[in-house]
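Each structure below is given as structure tokens.
Across the two complexes that follow, chain A remains constant while its partner is chain B and subsequently chain C.
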Partner chain A sequence: MSHAAEKTDLTPSRFVGGEILARYSRMALAVAVVALGLAVWLGWKDPAYFARQYLMNFVFVLSLALGGLLFCLIQQLTRSGWSAVVRRPAEALAANLQWIWILFLPFVGIWLWGRAHDGHGLSLASIWPWADLASMGEHDPAEAHIIAAKSGYLNDRFFFIRAAIYFIVWGSLARVFFRGSVAQDTASPEECVRITARLSRTAAAGIILFGLTTTFAAFDWIMSLSPAWFSTMFGVYFFAATCTGGYSLITLIVLKLRHLGINRAVVSEEHLQDLGKMIFAFGVVFWAYIAFSQYMLIWYGNIPEETTWFLARQVGGWGTVSIALLFGHFIIPFVFLISRWIKRWTFTLAVGCVWMLAFHWIDMYWLIMPVIPADVGSYATYNEFASAYADTASRIGNPVNFLLLLGLMGLLASSTMRRLSTKSVVCVHDPRINESLSFQNI
Partner chain B sequence: MSSSQIDVRNRGFIDTDNTGDTPGRRATLVLNMHRFHDVTQQVCRIAEAKRAPVAWYVAFAISLAMVSMLGFCVLYLFFTGVGVWGLNNPVMWAFDITNFVFWVGIGHAGTLISAILFLFRQKWRTGINRFAEAMTIFAVICAGLFPGIHVGRVWLVYWLFPIPNQMELWPQFRSPLLWDVFAVSTYFTVSAVFWYVGMIPDLATLRDRAKGRIQQMAYGLFSLGWRGSMRHWHRYEVAYLLLAALATPLVLSVHSVVSFDFAVSQLPGWHTTIFPPYFVAGAIFSGFAMVVTLAVPARELFGLKDLITLRHLDNMNKIILVTGCMVGYAYSMEFFIAWYSGALYEKFAFMNRAFGQYWWAYLIMVSCNVITPQLFWFKRMRTSIPIMFVLSLVVNIGMWFERYVIIVSSLANDFLPTSWGGFIPTWVDICTMTGAFGLFGVCFLLFCRYLPMVALAEIKAIMPEADPHREHPQ
Partner chain C sequence: MTTLAPDRKPSQAAGTVAHSQRRTWGIMAEFETPAAIFEAAGKVRDSGYRYWDCHVPFPVHNLDKQMGVRRTILPVIVFFAGLTGATLGFGLQAFTNSTDQSIWAFVWVTGYPFLISGKPLMSFPAFVPVIFELTVLLSALTAAFGMLALNGLPRLNHPLLASQRFRRSTDDRFFIVIEARDPKFLKSKTEAFLKTLGAHAVEVVED
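== the complex of A and B ==
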């Protein structure tokens, strides 16, 4: 046991977020309500586009909470010692998965509305074209023929049943890990050991459930936006993206709590450096590895049924977004985060986190917003296609995007901070807390 | 009173079982030893013994016989041509490339253990890293053999490398086969450097203890004047960390590039985007299985059970379980997306794999790689020596068949039914494959006999005695 560990007073009440976080939580909620109201007011004129913008921001916020859950699962599964002092913010972030299904309800609403109005106006097919094979068959019979073959999977009922399964799995896992960890704050040392052992076992099964549910959720909500397109890597891509967003946000929360002085006594530069390493390894490099592999193999294979997805992302304004991702999501943060001092200095690490969150958001925008032009197959050369769509705008600067982002992030932040305001922000009675306190990088 | 007795009295107990899991208490990784000198003795006596155990001579004789067979097969191939293998049109790659991918895969665990587990601060890696790295290097040698002898005109094999020449003939830089040349040779070089740098302090230990003139000269030469000064250690540790960081991307890149050999093509069953991480997971899976296959007899034979403990084996079996699940995930994604794609040829390729002429190979692959490793969910299975030994062999068989299924079934039944075919291995195919195991065996046995099999210096650093802040029992 190091001297640092011996001296630290580990009373849970010392690390409770308290009134300041409760006030932030209320402020975030107010911002969220105003922003969402404004977004609806501005965006409602084009409901189909608005629905897609909402989907994109929903997936972004969801991926952050999933990243929090992934962090808890991995740390418990690997019996990690260093992370005990920074795990509670991740658990609080993941705990949002218990209510996040509410944000998915608008899609159920759109589905029911569409059914009631027989496809006139907004319907599920306004977002996911496979939901209305009949109208698809009218203007693109070839594609409808392909989609019809997979209607056993891509049909509205099964789609919502699957969504329910995902939310139940995520919500239950998040609940188990948050509750178990919080229970340790007041439990006896023997009980704490038992809880950690139990969570470690749960994490083994949990990580498998997590992998499968996030994969199929990515297929359902993102990949099936272009229903004819497919990639075996897609689930892994989304998984990597949850690391980028989740780990960056966890680090940002830890930094903010440190700034407020709540966990300063226990969280040192050593922990910050390790969090930075996690972002660097999984959020930057692993993501780039997966993104590169997926792109390179499709580009090299050059089969039209696969390349269309990337074609839609390299014409007009989308080309800029793609290049921005290459530099902003990989090259620049790679060079930035590789240095030791960057990860240990609060300011630079915070800059890195905000940067990665921004590019994770752009990544989600890039995944969800582009639509493959229906006539993509009718051009003889790529250049003809590119010039026909040269003025396609990515519309990324549309204020509704940011209002929705602000709104949904506000809800997430409010709920996370409310949880941290009444609980200790450090897992003080984690059996490995001493190891975490005395942890040093080599 | 010797220091060992003091230690024993102070601790009050000697650890004999370290597989228990109590959160908050880290398991002891070195059993029954309380002095650094005990570790030195245990490891060095293998290299210093006048005679190796009888089993070593038996294994060496068998391996040598297999190498002779390999030599004969290779010469026969050179003098006759690649027609002595069962290759044909359309199955132009079969045993050769299967063996290549198999051995490259085996070669993945070493660098994962030495580099990635080092960065993840997994202290248990010190018990197994040295011989896992050795295994990596020998496996990559076996892997390199196969494309080398497959080129047909073996006297032009140097054309694999872009060597400036008068005729301005260059390899095809757009071909993943050339990327393979770079990826595998880089991997081999970096792994060998990493292995060697890690071994220098231990070679110096052997040098200092050596009695014979030849041993003194040989270990002295390769320990490069290591004297174990503070300054040496300081630089050594920095160098080791940097090498670990530089080797880490290689763990991913090599098998990713190997997967590109297949995935950049348009052949159904080969062209699929999940191939790079799927191949990497499979490689780690088979590599760890091979480490278990080797560790189980080695710790028995050379009396290393206190250094390569049941805990180490338990941990490795967990990694086998994890990577086995990843491989199972990849199999399922391939199948699901083949159906989901709606593409006729994709669907056919996978149905054909499972139910076509190679259904038996597919069945072996799935049962060995996905189904049987699930036994490792149970701690009793993970800590049972006979079970883990059998399962590790099963995984190796399964992973060999995985490559066979991918390569042969996709080539045999591609787009045009008129060009379909099949593959039947010849005796040369089978003997070459077997011979490669002999080559691996000879190298590995020589390593076990003459070099420090366990990282002496590193393992001492993880003993409780090395930790200045360790808890002092009252």
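== the complex of A and C ==
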């Protein structure tokens, strides 16, 4: 009943994560340090491959934080009431965008000091081939000619200037939304209303900036790994992927906090169902819609310069990964998450979140790790190409992949939990908190 | 059941007054607050009546749960409508573009295998947009019309609309109505029962 809302004790201190989260945070940090150390020790023998593995896991972790920011932006922009009790974990997740540029610094280091000769060593061009047109021209003049025409955009200096802009935009937005929301915990009711109104206005501009920066970041860091290839849908694809990862992780954090009993008094199965709907709608269906739209246009157009990207992803071990994505990222979770009770029962929802996070990681792996063979244009038919590359391995089981994942996820988790350990995990003084508390699904 | 007989044919036996052609349709109890109807709804639920309903001017949270209303089967119907749409969408394209069979669908229709941009005749990726659209179309139409059908709509009139008192159900009053077709309905007993629920007023609704 609506009266229940007024009875709930909404003292911020009641919802502070406390010592348990601080302990988890320290544990995650320890795991992260050990895992990163092991990863460097095991992976450094093949620096170019290691750099790509690192990029892949960096993009994965970044997409989770971006998903958190997207959630804050959309909830504030639509002035939604239901989400007030589950928004703080998203804000804490997004707040990581303030420091995540540190994880990008290795690429700056590679740019400034990296050297590579005859496939040994590591330079920026070992990751992004457009960074060294001269060496590209030596073994593939035709492709180098195409890339040279793009060099007004794809050049190392502008690349890092753009990266700086992305990090400044994301960091500032995350800071504004996290700080604003935390300030409400101690502010007067009038001040809280003013803060929410301000954040709502900021979100309108923020969502545009978010769309532009994630699109171009996806172009820069992922799409330009195969610089001759292009897809105008690529930015949306990455955007959909941030929804998958971000919403699943937010839900998982909310479920864990509920398991620990920290937010149990205010987060009901109604809120869980809505979080599940967000994962279902954006993380599963929207992703599949975008992924298929991109695939179908390229498949139907059948232009070699476009199809090579998919060709590289359907030969050898990559074919298995592609099919795994079709079933694991769309068909199975679609059938699983469609039912109402699945989203309302803690255990099944948690299974769905972990599943989606795993396949989001595989999706990022599928996006970043394959390399289009340089001689792809020399095969007359698809079958000839496929049999020549039939034993290409996806190397997804490589332990360094998982060590890097553990390391970077550990950093993200540690930082997120440290924030939640000293702050209320619920936006208790949000002006819409009562609406959120009494929220019911129809 | 025999005890119902006198109530089922009220006042017809007397047959003299102006209301002689009218039957009791149900009994309506009026409440002044959401809390009052919420509490009363729980008691009606526990009393075993099946054909009864609440009429409120705005959504009262959890009232449906308090009434013990079962969940709708509409999602299941929509799911199968979606499956039908997907099957239709696939079948339509597979038949018309990939076979040269003739079938009778009110008129004789023949498939026309036509090679488009060098793709195989049975090209699943090319079929997906139509499959998707038909799935959405049938699901959406089924959801909308299924909802109306399950609610017994469209309906041009309702016995309750004749009551002056009931007009306030769109403003500031809350009503519980127990219908006469309920097996447990007994005019005198039901009326007395509704009065014990703390109703502001109780009124017999005629058909």
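Definition applied: the second predicted complex is superposed on the first by the 435 of 442 C-alpha atoms of A that agree within 3 Å, B and C clash if a C-alpha of one lies under 4 Å from a C-alpha of the other, contacts with A are read in each partner's own complex, and residues count from 1 in each chain.
Here is the rule we go by: a residue touches a chain if its C-beta (ideal position, glycine included) is under 8 Å from a C-beta of that chain, and two chains touch if they have at least 3 such contacts.
Note that the structure is a prediction, hence the values are computed from the model and not measured.
Peer 1: When the two structures are laid over each other on chain A, do chain B and chain C clash or fit?
Peer 2: After superposition on chain A, which the two structures share, chain B runs into chain C.
Peer 1: What is the contact status of A:Leu297 with respect to chain B (first) and chain C (second): first, second, both, or neither?
Peer 2: A:Leu297 contacts chain B only, not chain C.
Peer 1: Quick one: chain B or chain C, who's touching more of chain A?
Peer 2: Of the two chains, more chain A residues are contacted by B.
Peer 1: With both complexes superposed on chain A, which partner does A:Thr416 reach: first (chain B), second (chain C), both or neither?
Peer 2: neither
Peer 1: Check whether A:Gln440 is in contact with chain B, with chain C, with both or with neither, and answer first, second, both or neither.
Peer 2: After superposition on chain A, A:Gln440 lies in contact with chain C alone.
Peer 1: First (chain B), second (chain C), both or neither: which does A:Arg340 touch?
Peer 2: second
Peer 1: With the two structures laid over each other on chain A, which partner does A:Ile208 touch: chain B (first), chain C (second), both, or neither?
Peer 2: first
Peer 1: Considering only the touch criterion stated at the top, classify A:Tyr153 as touching first (chain B), second (chain C), both, or neither.
Peer 2: first
Peer 1: Could you name the one stretch of chain B listed in 112-120, 148-156, 238-246 or 418-426 that collides with chain C in the superposition?
Peer 2: So the stretch of chain B that bumps into chain C is 238-246.
Peer 1: Using the superposition described at the top, list the residues of chain A that contact chain B and also contact chain C.
Peer 2: Touching chain B in the first complex and chain C in the second, residues 1-3, 296, 300, 302, 438 of chain A appear in both lists.
Peer 1: Spell out the residues on chain C that touch chain A in their complex, using ranges where they run on.
Peer 2: Those residues of chain C that touch chain A are 34-35, 38, 60-62, 75, 79, 117-119, 125-126, 128-129.
Peer 1: Inside the complex, what are the residues of chain A that reach chain C?
Peer 2: Against chain C, chain A makes touches at 1-3, 292, 295-296, 299-300, 302, 338, 340, 438, 440.
Peer 1: Give the list of chain A residues in touch with chain B in this complex.
Peer 2: Checking each residue of chain A against chain B gives 1-3, 79, 81-82, 146-147, 149-150, 153, 192-193, 196-197, 200, 204, 208, 211-212, 215, 219, 228, 230-236, 285, 289-290, 293-294, 296-298, 300-303, 305, 431-432, 434-435, 438, 442.
Peer 1: Where on chain B is chain A touching in the complex?
Peer 2: Contact set of chain B toward chain A: 21-24, 26, 121, 237, 241, 249, 252, 256, 260, 263-266, 271-277, 325, 329-330, 333-334, 337, 339-343, 377, 469, 471.
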